[in-house]
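Sending over a structure as structure tokens; questions will come in a sec.
Here the chain labels run A, B and C in written order, and each chain numbers its own residues starting at 1.
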Amino acid sequence: VSAEGGSSASLAAEPAGGGATYETLLVTTEDKITTIKLNRPAKKNAITTEMYNDIIAALDQAAKDDSVITVITGAGDFYCSGNDLSNFTKIPEGGLQEMAKKGGDLLRSYVKAFIDFPKPLVAVVNGPAVGISVTLMGLFDLVYATDRASEMLLFNKKLSAEQACELGLVSEVFPDSSFQTEVWSRLKKYAQLPPNSLALSKQLIRSMEKQRLHDVNDAEVERLMERWTSDECFQAVMSFFQNKAKL
Amino acid sequence: VSAEGGSSASLAAEPAGGGATYETLLVTTEDKITTIKLNRPAKKNAITTEMYNDIIAALDQAAKDDSVITVITGAGDFYCSGNDLSNFTKIPEGGLQEMAKKGGDLLRSYVKAFIDFPKPLVAVVNGPAVGISVTLMGLFDLVYATDRASEMLLFNKKLSAEQACELGLVSEVFPDSSFQTEVWSRLKKYAQLPPNSLALSKQLIRSMEKQRLHDVNDAEVERLMERWTSDECFQAVMSFFQNKAKL
Amino acid sequence: VSAEGGSSASLAAEPAGGGATYETLLVTTEDKITTIKLNRPAKKNAITTEMYNDIIAALDQAAKDDSVITVITGAGDFYCSGNDLSNFTKIPEGGLQEMAKKGGDLLRSYVKAFIDFPKPLVAVVNGPAVGISVTLMGLFDLVYATDRASEMLLFNKKLSAEQACELGLVSEVFPDSSFQTEVWSRLKKYAQLPPNSLALSKQLIRSMEKQRLHDVNDAEVERLMERWTSDECFQAVMSFFQNKAKL
């Protein structure tokens, strides 16, 4: 096993558990840990429509396999740069309204998959994280971050991993030099704990807030669908692509 | 614009947006920021009955004007020393019971104005804060404090701004020397963000807890009305004024 | 009064307020503070079935006496090492199912006593704390810990007192050398505050979450009763006693 742990190119070619393969993800199971690795490093692991669906499917599979812990991490130097804005440029025949409707349904299902996930879920934040990959951190049971990670949030404010840790969004921050070694050795130890007790503890804790989380998800998606069709959003996306074209 | 930003004596004489003027507040709108400055520095900005009503009115106006962000801050060296205890010495004809009833109604409306405020609301805590000005901090979207600020809370325990920050009551603490410059330059930048998205984000977050906040407000006011007519409260207020008279 | 404050062997022989005496607890009232001291130092204050019942009774009595503040602390070097595993070895005639039922009823009553306790409740964490003594900290109004305290939690992760403080589980950490002096001088000062206001403030705060806390307690006990009869639990308890026998 490499220092990066959990998955490697050679393992990816031979997925454990006879699982599905994905174009944008590397999914492996080793040492009772299923690792879902976002695998678009050239695009800083920005999430396309296809990837949202793939992650939902991979979580669904991880929930059923015989692993004890499930990990999400990123290939390369980024954890995840958030929603791929190219998702906004593929306007379907039904126009903006239809795009907003489809996008809303997808986002609702995506967040739902995290709310309902039954086993301990760990984010191994190997680099910068942006947008939805930051806002979802609250739905993980553990968030381990390298000190190389910086994030963006409400008000466009950048948070360091240490600041996110003080806010309770990140569980613990490690020096980048020992990040992979340290994190995977812990996770392997945790994966030896009684699996039913771990899963049932998580479900017990989650059950007390699950309805509220689903309500929040619904309210947020409804608001986003309205926002996506607003002038403010249109201007912001246009301005993003214009600035990009200038580079 | 002065380094203190947001308002100055000359601006106060000429309020923007044709707004109302208040004897105890300076309210100005500049750079899409409406600033409500508590203006009784000689009394450390203690809040009188008149000021409670004025702040409610100023918030109501700020909610409707075309500013993006609303700021509350204090004139002089104090942010706010809390409830002006002289409010307790003006016993109306109906006696203590009537005073408690009127005080309770006013406090309920005051807190309600913060719970329902629809735009991003920022506390610029320019100096020490006491009592209700501390307990209300949880209803702001951002609380920026100078490191010169010290507070008082439950059990009469003094908190430093740094401690309040660790507790999540204060968002960020700045050195007093650069406090005004740093804070206002940030707020001006935030005020350039898409205004509807900011307001709608806040409303979305708040909507999930609004009913509960109103319930807490009602329960707290009901209990306070009973407490205000108790012997313990009478003794504490008497003792405050006796100690003051001895100085 | 000794530096350990609140209680001493001589006082224990002559309990204040004509209160009951307990084999496993020292309960004293002094300076308006009722102190419940876990008194099995040779067993690191592990909680037996008898002690659960005694603590419930002592809390019930403290709620009614004329003290202002109630303190729970440990005799000797440990605060509390959690549930005494010997509780699991006394299988009643009804077998495992009956033991789980009785254990569940006891635990539910125990946690209920903390949820419903009407006065300010303070944990004086004089040394390491494990298991249920850590998970209950959230139900105290103040948790003062010596820096000598280390704890164990979810995932078997050890927390230092400082880490528990950053997580909000501990209110403040003191150097062990001045811990007893510092903590008791504060508590004596707090005990001089208006007693009704203190109790009513606590009840007001608690009232907003009391129903939810009872729901969580019920759900957790139900799940534990199922877990206690599982193979995983049986293996873990067996392994504990086997390892102990080897020492």
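Criterion: contacts are C-beta pairs under 8 Å (C-beta built on N, C-alpha and C of every residue); 3 or more make two chains touch, one makes a residue touch a chain.
Not measured: the values here are computed from a predicted model.
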Between copies chain A and chain C, what's the superposition rotation on C-alpha atoms, in steps of 5 degrees?
120
Answer with same or different: of all residue numbers used at the interface between chain A and chain B, are over half used by both copies?
different
Gap in Å, rounded to a whole number, between the CA centres of chain B and chain A
39
Chain B: positions in contact with at least two other chains:
166
Given the complex, residues on chain A that touch chain C span 142, 166, 168, 190, 193-194, 196-197, 200-201, 204, 207-208
Could you list, by residue number, the parts of chain C that touch chain A in their complex?
154-156, 166-167, 212, 215-216, 219-220, 223, 227, 230, 232-233, 235-236
